Structures are given as C-alpha cells and as structure tokens.
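Next up: the structures, one after another.
The two complexes that follow have chain A in common; it is paired with chain B in the first and with chain C in the second.
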Partner chain A sequence: MNPKRLLALTRAGIMESLYFRLGIFVTLFANLIYLVLVYYLWKAIYASSGTDVVNGMTFTDTMIYLILATAIFNFLEMFVVWDMSRSIQSGKIVLDLLKPMRYRKYTFWSYTGNHVVQFFLTFVPTFIVVMIVTHGAIKFGLNIIWFLVATVFALIINYNIEMLVAPICLFTESTWGINIVKETIVLLLSGATIPLAFFPEKIRMIVQYLPFRAVYDIPLSILLGKSGSDTWDGLLKLFGLQIVWLIVLTVAGNIFWNCAVKKITVNGG
Partner chain B sequence: MRKRGLKFYMSIYRKILIQDLKSKMSYRADFIISTIGMIMTNLSGFVTFMILFHNFPTINGWDYYHMLFLYGFSLVALTPVQCFFDNNWNLRFMVQSGDFIKYCFRPVNVFFYFMSEVFDVKGLGQLAFGIGTIVYAWIKIGIPVTPLVILKLIVFLFTASLFMIALMNFAAATCFWIKNSGYVMVIMFRFKDFAKYPSSIFEGIFKVIFTFLIPIAFIAYYPSLVILSPDNVPVLSWISPLFGLIFFYLSYKFWMLGVRKYDFTGS
Partner chain C sequence: MEEAVVMKNVCKDFKVLNRHEGLKGSIKDLFSRDYKTVSAVKDVTMTVNRGEIIGYLGPNGAGKSTTIKIMTGVLEPTSGEILVNGKVPYKNRTENCENIGVVFGQRSQLWWSLPLIESFKLLKDLYMVPEKEYDDMIALYRSLVDIEPILHKPVRQMSLGQRTLSDILAAFLHNPAIVFLDEPTIGLDVSMKSKIRELILGLNKEKNTTVILTTHDMGDVDALCKRIVIIDKGMKIYDNDIDHLKNYFGSYRTLKLKLADDTWEEMLIDEKTTDVMDVIMEKQKEKKIKDVKILEISTEEVIRKIYEGGTK
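Then we have the complex of A and B:
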C-alpha cells in the first residue's frame, strides 16, 4: 500500500478536526477544570490518610497519572461504534466497503488526523500545565521517548478494542448500550478512573494482564517511572505485554470483522 | 393562545409517553443491553469507592457509610435528568438537520413538547440502585426514620435534581449558537461524577465556582447535609430549593432564547 495514500487520509482528518476548533478549546478548558477537581479531591484524600506515599504513589504521582489519563482519553477517543452504527442505519457503509481499501485500514487512517490534532492541541498543553502545577515533577529523559512509543501502541490497541466492539452493533441494534459497557470496562480496568496501584492485590494480579491496562496504565507508568519501568527488564516486560495484546487483538478483530461484514443488512441503502 | 393548565399537559405527556414506550419495545435487545450498561456504570462507581476506601479510611472527615449515602443521594438526584430530559442529547442533531422546526409548529410549549418525546427507561435501573444505596447507608449510619425526615429527603432530592437538569439544559442549548456542541454536553455530564464527593474539599475561588457557577456542590452535597447532619445545617442547604428553582428557570429561559434565535434564522 502506497504510504502517500494513507497520509492523504491523515491530512484530510487534520483539516476536518481543525474545522471544529472550538471543540478542541472546549476540551482543553474542560481538562483544566478537571485538573482542579482532581487536585482538590486527591489533596483531601491524601490529607486524610496521614502518609505521603500510598502503594508507592505520592499525591503528585496520582495527580499526574489521573490528569494525563484524561488527556490521553481525549486524544485516543474514537467514535467508531457510533460512526459504524450510524453509517449502517443510513446505508453509507456500503460506500465505505466499496472503496479500494480495506475498511479497517480506511477507518484507522481517517482517524489518525484527528489523533494528531488532539495530541498537539489538547494533550501537549495539558501536559505543560501539569508540569507547571507540579513544578516539573515529571523527569525528562528517555522515559519521554518510551512514553511516546507506548502511546502509539496504546492507540492501536484502543482502535482494535473499538473495532472488536463496534460490529456487535450489527447484531444487536444497540449503540448506546454497547458503547457505555465498553467505556465503563475500559476506563475502570485501565486505571483511568483510579490508578491501578490502588487496586487490592488479588484483583491487580488479574487486571495486570488484561489488554485494557495497555491503553492507559502502561504509557503512564513508563512516563512516571513506576511498575519497574526504570529498568530495561521491566520496560521490556511492559512493551512485551503491549505487543502481545496488539497482535492478539488485531488478529481477533480481523476475523470478527470479516464474519460480521457478511451479516450487514442495509435497509434500503 | 389560551392558557393551558397542568391537566392538559399531563394528558398530552401520557399520550406521547405511551407512543415512545411502544417504539422502544420493538428494540428489545437494545433495551436490555442499555439497562445492563447503566447498571455497569453504577457498579463501576461503586467499585471505585470500594478501592478508595480500601486504601484510605476517610475522605475529608467523611467515613465509608456517609460517602455511600452521598453517592446514593447523587444517583437518585440524577435520575430525573436521565429519565425525563434525555432528549437534550438529540437536540443538536435536530437543530443541525432542521428537524427541530416541527416542534415550533405545535400549539404546545416547545420545551415541554421536545422533552416529552423521550422517556428513558434505563434511568429506572439507576433509581433502584440509588435507593438501595441510600437505604443501606441509612441503616448503617442509624438515622432515625420519622415522617419529617422522609419528607425532607424527598424535598431535597427533588431540589438536587433541578440543578443537574438545569446544567444539561444550559449545555444542550449552546447548540443553537455553536457547532459541534456535543463536547459541552459530554463535559457537563462528566462533572456529575464529582457530585458524589463532599464539596468541602474545595477551597478559595474554586469553592465559589463549583457552588454558584457550575453548581456540582448542590447536586448532592448541600441538600444531603439536611439529612446527614441535622444539628448543623449550613444556610446554603436551606436556600437550595429556592436556588434550584431559580437556576432551573434561568436554564429554561436560555433554552427558549435559543429556540427564538433558531426561528429567526429561518432554516
């Protein structure tokens, strides 16, 4: 596949997202308010606990973790489930299937533009504000590069989770329900709601190996130097987990999509 | 136009509601999955609590059961917005596509007619979950059960629900002015997650913002203090019903202002 064609999709996505500039500023503004809420909540929680470090997380660690989790959530957010069910209802999906490119590939690359714009216009500013608020608590070194690599993996894993869930709509005619179930599970088990370090030992043992962790917890742990990511050994383990899930989910998603696409019935499309 | 009474609107609401439920019944799988989804979001909130209290004994002087009460209170207070005002989520699509014009041609209140079109059944799952949580926490804390306390609970639950409805009205009505206003709604909707924490955690300017500008402190914290600490109720709790009505009225006016503006563009 000619990379030029793929990048053309990215460019179109960038232009489309920039057209909705206001949405980006609203998201950024909301992130800042969210930052305030998280700050006061966890400040109160840590103040009541009496110790500075709980489960290896200090107040600053927790705050950076949760705020950047929200920022990553914003920039990874895809509406594949909604888009797919809407294009099935309207019949537009037929046009997408007829395009001279695999549907999965086409969807992925048309979203990349949005990811790029969201990364620079919401994630980076949020990151800078977090740095200022915490007086530069994030160490700058190789961890930034590893964090970016892990985030790219996270993006692909997240996309594959979406693509595994979206075709379920073909069978159930339910969009809101499927989407909320997916979102709840991913946000809770990935550590975006509450850092995985706080989970009780036994539950953490299981959650550690699930794919959801690869989306939020692994990039953030690498950034903060937690979960043994400050050693080569630990770093390899985390990346290994991401790569294994990436392969498993891609293969599973491909098979499931190929089965599901045969079931599509478009009413009067 | 002749002024119509409450009775007239009630009978219309009943008729539209039956139509809506009939159409929902034809998507049974969707209904079941949505209900499961709703219960899962509530359960996930509950699990977050368990994990928090697994690590920390109290939050700002609030123990586990008091926090549970607050959580249950917020869930019940958020039910009306879910059940009766869910159509706000469709507003921006209707306005963009021009379908909204149909609401302006009926001889009933536009706001009423628009909201009456959707009754969200899955909100009832949240109601049940919320009541269960309140009852459980109530027994554990050992609040005496008297008719007066029950009456207070109902009045202040009603009060609390007004704030979230008003917030969502404001958020939804922004679509009359700006494109892609979905973001505003999603963000407002996410603020409700913080309603379940005691608002005493905020300080300074942010205390003012989260009390009067984005009143998440009123969704559960201030109204529930009337039940939780009857000896020491802040003034803000007592005036919250009045404040809620004003806030709701303002959001209604804002919404209707949007409708008027929509008419004039003549799309």
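Then we have the complex of A and C:
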C-alpha cells in the first residue's frame, strides 16, 4: 500500500475531469432543468394533498432533500459498468490488468479524481445555494463532518455495487439492460428520487436495511439531522448499517471479481 | 539469472460454443452445451535470454498474441510450465507487471486527455520509480529521440506515429527487464518506422532490456532481431538465428533476367539442385538476354514461403 500511487491516480483523475470542462457546465445545466421539474412535480403533489405536511415532511423539507440528493448523486455517480463493458469488448482491459496494482484498487482510485472535482463543482455550489435560499434551515456544525465521513463510506459502497454488476458483462456480452435495471433500483431504493419517508410503511421497513439507502439516504439524513442522526445513538446506528454493508459488499465484490478475472485469464474474456 | 523467459511445453486451449446457423440455430445456441476446444498454442518450448531482441513471427491467427498474453500473466496456460523473470506470471500477475513493459500497437495505455509528461509522472508513481532513475531515463530518451515536441502535447492530439513512440517510451519508463512489443510499427510511415527501430535498439543497448517483438514487417525483423521464432497454427516451426533462415529451404537465390523486350523475369533457384548458369543458358536459347542479376533471397520471401508451405 503506497499512498503516493493512489494520490497520483487521483491527481490524474482530477486533471482529466477538468479537461472536459464543458461537460461540467452541461451537468450543472441539466441539473437545473431536472430540479425545475422536481419543483413543480412536488408542488402539485403537495397542492393536491391538501395539507402542508405529508409523511412528516413539509414542502421545503422535501425540496431540500431532493435537491441535495441530486447533488450527491452527481458526484457519487460512477460509470464502472459502462467503462468495464467497453474495455472488455474492445480488449482494452488487458492494459488495465497489466498495471502493477490490483485491478479493483486501480479502477477505484482512477475514479476518485472525478469525485473530488464533482464534489467541489456541483455539490458545494448547490449546498451553498440551498443554505442561502432556505435561510439556515440546515444546521451547520458537527453534522458536516459526519456527513463527509458517511459520504466516503457511501462512495465505497456505491463502487462495490457497481463492481458487482459490471463483471456480469463478461457472461452476457452486453450490459445496457443490466445497467439500466441497476440504476433504476439504486435511484428508487436509495431515496435519490423519492424521499424514503414517502414509502409505504412495510416497504420502508425493508428498504431501510438495504445497501442502497447507505449510498444516498444515510449521508443526506446525517447532513439534515434526520432519522435520529441528531443523537449519538441514532448516528451510530446509521454508521453501523453503512459499515456492515461496506464490509459485506467489499467481500462479495472481491469474490465475484476474482471469478470474473478467472474467466478472462482462462478463456480470454 | 540468464533466462528472461522459459517456456516448457506450454499449451493453451479455448472453449468455444458451437454456433448453429439461422434463426432456429440461434435459439438452439441459447441452451446449447455443445462446446468445441480450440488450441491456440500447442506445446511451445522456448527460452529467451536476457538482453536479447527476438522476433516472434507467425501468420495472422497463429497464436502470437495468445503467447504474449501468457507471458504477461493475463492468460493462464492450460498445461505446461512458464517462468518469466524466474516467476510464474499468472500466479503473480501484479508482481510480474512491475518487471515488464507492454506495447500493443493498436491500443494506447496512455492517459488520453493528458499531456504525455503527465502520463510519465503518473507511471513513475505507479511503478514507484525513484526520482533519480526517472530523471536519468528522461535524459536517455532526450538523447535518443526528439521528445520535446510531444512531451507537452495531449495524447489525443498526437499522430499515430507520435503516439506509438510515446507508448514505447512509456513501456520502458520503469526500466523493466522485459518489454513486449506487439506490432509496434503497424500503420506507420517509413521514417517513423526507422525512428522507432533506432529507439528500440538504443534502449535495448543502454538498458540491456529483453525485447520480444511481434510484427508483420520484415524490415523490423532485419533491423532489430538476431534471433527469430516462428509459430504457425500454435506450433513452433522455427527457432534460430536470422542468418540460418536464409538457408532454411536450401540455398536459394533470386535470378533476374532482363529480356530483349526490356522486361524483367524473376525466378527463385535452389542452388543445391539446379545450377544458375544452366538456367541462364537455357533461357538464352529461347530469347536474348540483355542483363543478369543474382540476388540473395530476402527475409520476407523466406518467411512467406514458410507461412505458405508450413513446415519443411
């Protein structure tokens, strides 16, 4: 384990992301359109419900939640599935396997640079705008630090979910459908499109313990002081859930990847 | 340790699904368990010594790339023993990678949107090359080729020749014991080809790097390799010095005759069985001969004959 290697990969990732500067602005613009849509959709939902508070959340609560969820989604988004299927089909994967680092580690650290860039260029500005518009509806204290820790866990969990899906393309030779299914499941069950509070009671009970929640809902809840994260007890529970999934998925991802590599090395991919 | 690569009876089989024809066949294939085994490499035994440049030749689909993938550790051989730098490559892939460099002529391992120098810096950290060695290497590069114009150019803006050159430099950067070059001169112009040959030769001389080169350009072979190994249909059919190659099918000479109508007639003559003078005399009876040339057979011709005729 040499931190210099990892930092070098992150640094190159940052430079590569910044090279596509137009892409960053396009992402920001696309977000804006998406958020306008979300705004009017939820405005209609609240108007038709007849009350100000739905499932314990006011309209402002919901908007803050969804805007920040979109911002987190943008900087946690990974394209492991696309990239891996492309490099397997083109045979480029050989070059990645010939790096003097374990493949999983190598790819993870190749993505971190992009996350850093997206964090500062999409999440931070969005967060500041939300802070200003809502006049301090978000507490600004220790929760910021816990949020950052939870985000790092979320990042690793998300990577491992991707790594569990990506090698499937070795067996199916196509990933498009699988990737769409994965994306939909993650977006729905993680609370990135609909706050988990809006789920029917029974489904919420199950979803609460699934790993997808650990990616978007938990960091967000910690940031907003929800789901009992304002008490030590609640905070520990949320982190505990994240850590359990992190370990389970890392181990599972490792095993699955080793099988996949075996297929490449034995049958040439 | 004198040997860079030792291979003993290495075989590699692939399992391929037997595909059926037509729509009905495609549906049948969904559930088919009907596999056939394709042998890509059959019983190859060879040794590559340290500091050698060997040409690894064979027609398309002969199993060259498969062998290279076995040597780099990306593929596991079905049977046989292999040692690269004294280690089994597929068991210690990451470790093995620290001591080898690879260039695939068709692909680039460089960071597409970054200037070349950034790729170099990144590779330096990835392979944990000490600062001083890195500086020495860059200095050596400067002395061998003019790298100034490409050093600060993003790889995506480079011409194919510049990119190949950069890829070769990148493969040598961590001073590996062995460098695999898979068709490095494919698609390059004449002057770039000779530049790249000079570079490979220079690096091999300075660093005593073992180079395993596959190519279809006999110019590369003539310029670089002292020894060549030829495989066809997965089997090794030739392994010797390049000088021996010319006598592989006997002592051949190309005889060129300029006839009365100013056309050149070419023929390949085996000096062991036919006498060149006899042929000329025979021809002279039919037509008037204006000029005569006797040429040594080119590497290209021998190789072509080997590819076409298989084994002796």
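One rule holds for everything that comes next: the second predicted complex is superposed on the first by the 264 of 269 C-alpha atoms of A that agree within 3 Å, B and C clash if a C-alpha of one lies under 4 Å from a C-alpha of the other, contacts with A are read in each partner's own complex, and residues count from 1 in each chain.
Convention: a contact is a pair of C-beta atoms (placed from the backbone, for glycine too) under 8 Å apart; a residue touches a chain by one contact, two chains touch by 3 or more.
Computed from a predicted structure; not experimentally measured.
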> Are chain B and chain C a fit on chain A, or do they clash, once the structures share the same frame?
Replying inline: fit
>> Contact-wise, after the overlay, does A:A12 reach chain B, chain C, both or neither (first, second, both, neither)?
In response: second
> So, does A:F20 touch the first partner chain B, the second partner chain C, both, or neither?
Replying inline: both
> Which holds for A:T134: it touches chain B only (first), chain C only (second), both, or neither?
Replying inline: neither
> If you stack the two complexes on chain A, which partner ends up touching A:T250: first (chain B), second (chain C), both, or neither?
Replying inline: neither
> Where does A:T58 make contact in the superposed view: on chain B (first), on chain C (second), on both, or on neither?
Replying inline: neither
>> For A:K99, using the defined touch cut-off, is the partner it touches chain B, chain C, both, or neither? Pick first, second, both or neither.
In response: second
>> Comparing chain B against chain C, which has contacts with more of the residues in chain A?
In response: B
> Counting only touches as set out at the top, which of chain B and chain C does A:K4 meet: first, second, both, neither?
Replying inline: second
> When the two structures are overlaid on chain A, which partner does A:Q89 contact: first (chain B), second (chain C), both, or neither?
Replying inline: neither
>> How many Å separate the nearest C-alpha atoms of chain B and chain C in the overlaid structures?
In response: 6
> Once the two structures are fitted together, what part of chain A is touched by chain B and by chain C alike?
Replying inline: 20
>> Taking the touch rule as given, give the residues of chain B at its contact with chain A in the complex, in rising order.
In response: 27, 29-30, 32-38, 40-41, 44, 47-48, 51-52, 54-61, 178-180, 182-184, 187, 190-191, 194, 197, 201-203, 206, 210, 214
>> List the residues on chain A that touch chain C in their complex, please.
In response: 2, 4-5, 7-9, 11-12, 15-16, 19-20, 90-92, 94-95, 97-102, 264-268
>> Per the contact definition, I'd like the list of chain C residues that touch chain A in the complex.
In response: 14-15, 66, 69, 72, 74-76, 90, 93-95, 97-98, 100, 102, 104, 107, 109, 111-114, 118, 121-122, 124-128, 154
>> For the complex, give me every residue of chain A touching chain B.
In response: 20, 22-23, 26-27, 30, 33-34, 36-37, 40-41, 43-45, 47-49, 54-55, 172-181, 184-185, 187-188, 193-194, 198-200
